[in-house]
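One chain, subunit A, links the two complexes that follow: it is found with subunit B in the first and with subunit C in the second.
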Partner chain A sequence: MFTRLSLLLAVLMFSIAALAADNQYVLGVDGLACPFCAFGIEKRLNKVDGVTDIEIDIGDSVVRVTLQEGKTLTEEQARQAVKEAGFTLRSYAEAEGGSGGRDSQ
Partner chain B sequence: MLVSALLLTNSATVYAAPNTFNTALPVAKGQYVWREQLVLRQRSDDGPMDRDVSVQALGNVLGYGVTSKFAVFGAVPYFFDKELDVTLPFGRAERDTDGFGDISLFGRYTLYQNDFTGGTFRVSPVFGVTAPTGDDNDRDSLGELPRPLQAGDGAWDGVAGVVTTYQTLQYQVDAQVLYRENGRHDGFALGDETRFDASLQYRIWPRSLKGVPGTPGFVYGLLESNLIRRERDEIGSGTDANSGGTQWLLAPGLQYVTRSWIVEGTVQLPVSSNPNGNAIEDDYIVRVGFRRNF
Partner chain C sequence: MLKLGKWLGYSAVAILILVAILVWAGGAVNWNQEPPYELAQHWGEKGNGPAQFNDSTGIAITADAVFVADARNNRIQVFDKQGTFKRAFGNKVLGRPMNMAIAGDRLYVPDYFKDVIHVFTLDGEYRRAIAAEDGLNSPGGVAIRANGTLLVADTYAQRVVHLTPDGNVLKSWNGTGIGAGDFNYPTDVAIAADGGFYVADGYNDRVQQFGPAGEFIRKWGGPFGANIFGPFKGWFATATSIAVGADGTVYVADFYNDRIQKFTAEGSFLTAFGTLAQGPGHSEIALAVDADGTVWSANFAGNRVEMWRPAGKP
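Now for the complex of A and B:
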């Protein structure tokens, strides 16, 4: 009985933590090939409501965007921001553990 | 007659890549790019007047992304000193000036863009004008300075060309064709200029991006080539036989590129020269500076 209760409690805590977690998205960006160019993507994505962090892995041409709880980044928003920076959105996906979005590729 | 063209600027933009000319890489919508470049330029001729010209100047450029495809730039040089040493009938004379030069405004539009993972290929027309904002009638004890020595040329000038960029994570190649038509003012016009530029930048650090997270700073080694053809200066109804010509310069250099900053330096050295008569040609041009994103 105690084991069952412990397991239930653990699952509950994990679920609450997952629900409270920030939303993270992974964007594949084509055309990005130098550090100085990466700044423009950061600048455009930072204008999206709720964005708290942006990490760019330039070697993989991948941008990781974190939004505060309850905020989402739609594929259209991501595509528009990347386009306004002068680049092309290759892929869009919600990072594992997030609560919305979908993989476009 | 005394000196040939002394133009400092060559429409170099502020964004990434080449140090001596333009690139087709984008400026994001709403993004500013600021560039400062210290230029030390030494010129001379082989004629009997034994002219030596030395220029110490700061190139100031501000760029802005109107859209992701269209960027505008404003540029103005400040001459700390623009000095001519020349042999005259009474002996050696030194003449110089300083101050702000002519303001240039130009635009660049991305006409073709092919993005792929880890790289891009772009073609962008460039067009602009230079306004006669610099002093064009400075004088010294010998009278009015020769027109090419003035900080400004006194006329509206037009610039048009095309720049193309192929960039990958490992290297970048830029090429440009640019024509500059210099206007006429008070019976004088600097010779028009046609230039063919090419640049190769190769990432030398980090040597590999495998397993490197985030966006590290890149160190590029670069080699640039500038083939410049200048027409003769127009004076009155004729031309100055000792002005203009063709010169080919090579420029090795280094760049350190981060997300927000570029620090860079190059030295342009003449490989071959074919001046008209005893026209002044470049001996060397040192360019060091930085660019800043915001």
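Now for the complex of A and C:
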């Protein structure tokens, strides 16, 4: 009985953890090598509600944005933030493991 | 037949003129060129410990110390000139520190995220933040005039703004474009020997020079300083920092070309030097010049400080 209860609790906790997982997005933006640009994009994405982390990957020319549980970054929000920073959004995708799964190139 | 020969003659002359313009604009015709500098010393690596950097974006010096803006670690690190770590500060207030300036016993740090100029003592004590009365928008660089007023490269506002120490706007040079006095993400300002100033006009790939009263004097960088980038002498691929030597010469960080270029006060090319970046990033992003002409640079991709001296000089 105790084993079954433990198993049930474990499954429940796993499910809650999965539901509480942060949402991650990958934005394709060219010209990120210069911090005067990269920091400009970061600054604007930081204003989006729920953003907890932004990682700039110069090699792949992408910005990885993490939002807290329940928060989302729409393609329009991403496009607007990148545009305000002086760039064009090349691609938008929800990272593997995030909820949803929309891709736009 | 005679007509054809005439046209061929005109074409040859036109081609010759075009080649001459390109050669001139490329810096090949230049009587003032100097030998290059050599790397005399360097230190630093990626990380968040002492003498480690995570995106170094600014550098300033005194007679015996080197101050480095360690942007993603939200701090300023201080070293002696042999590279020994002395202290770090600013962690509680800094967002993204950029091209700094030292005047008297104060360090001025433009904050790209917080839209202010932070003022510290050289020991690292925080004094205050200067905000422009009409607001800054990602200031990338600052220079301090002899009277204590500030010239700020207000990068995302596409302007250079002259501020009192209290943040009142005395004058503003505005405008996006490639014309004289227009800007395209200006990144830094340096005071000229005559009391005027130079602007690293970042994405216009050029330098603009203004006189003591703020009047436009000249621009240079590629053909006619008209936002044409390239790797040739006197051309830029994003100018990210600017400094003036004791003799009035002008040094410019030419970021995407991984080099620093040196010019006369009037913009004639003298020499170029730098560390070629390994990997996807680029190197020479910020610089400062000692009284003896030693150049200190922040290598962005290499996360290190570099010291440069004219080749052959001990």
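FYI, the second predicted complex is superposed on the first by the 86 of 105 C-alpha atoms of A that agree within 3 Å, B and C clash if a C-alpha of one lies under 4 Å from a C-alpha of the other, contacts with A are read in each partner's own complex, and residues count from 1 in each chain.
The working rule: a contact is a pair of C-beta atoms (placed from the backbone, for glycine too) under 8 Å apart; a residue touches a chain by one contact, two chains touch by 3 or more.
Just so it is clear, the structure is predicted and the values come from calculations on it, not from any experiment.
In the superposed three-chain model, the partner touching more residues of subunit A is B, compared with the other of subunit B and subunit C.
Of the two partner chains placed by superposition, subunit B and subunit C are both touched by A:43.
Once chain A of one complex is fitted onto chain A of the other, the partner contacts of A:83 are limited to subunit B, with no touch recorded for subunit C. Touch criterion met: A:33 reaches subunit B and subunit C at once.
Of the two partner chains, subunit B is the only one that A:55 touches; subunit C does not reach it.
Subunit A uses residues 33-36, 39-40, 42-43, 58-59, 86 to touch subunit B in one structure and subunit C in the other.
Subunit A contributes residues 28, 30-44, 55-59, 61, 83-88, 90 to its touches with subunit B in the complex.
Subunit A meets subunit C in the complex at residues 33-36, 39-40, 42-43, 46, 58-59, 86.
Within the complex, the subunit C residues that touch subunit A are 55, 57, 71, 96, 98, 112-113, 138, 140, 155-156, 185, 187, 202, 238, 240, 255-256, 279-282, 285, 300. Residues 15-16, 25-31, 65, 67-69, 110, 113, 115-120, 167-169, 172, 209-210, 212-218, 257-260, 262, 291, 293 of subunit B are the ones that touch subunit A when the two sit in their complex.
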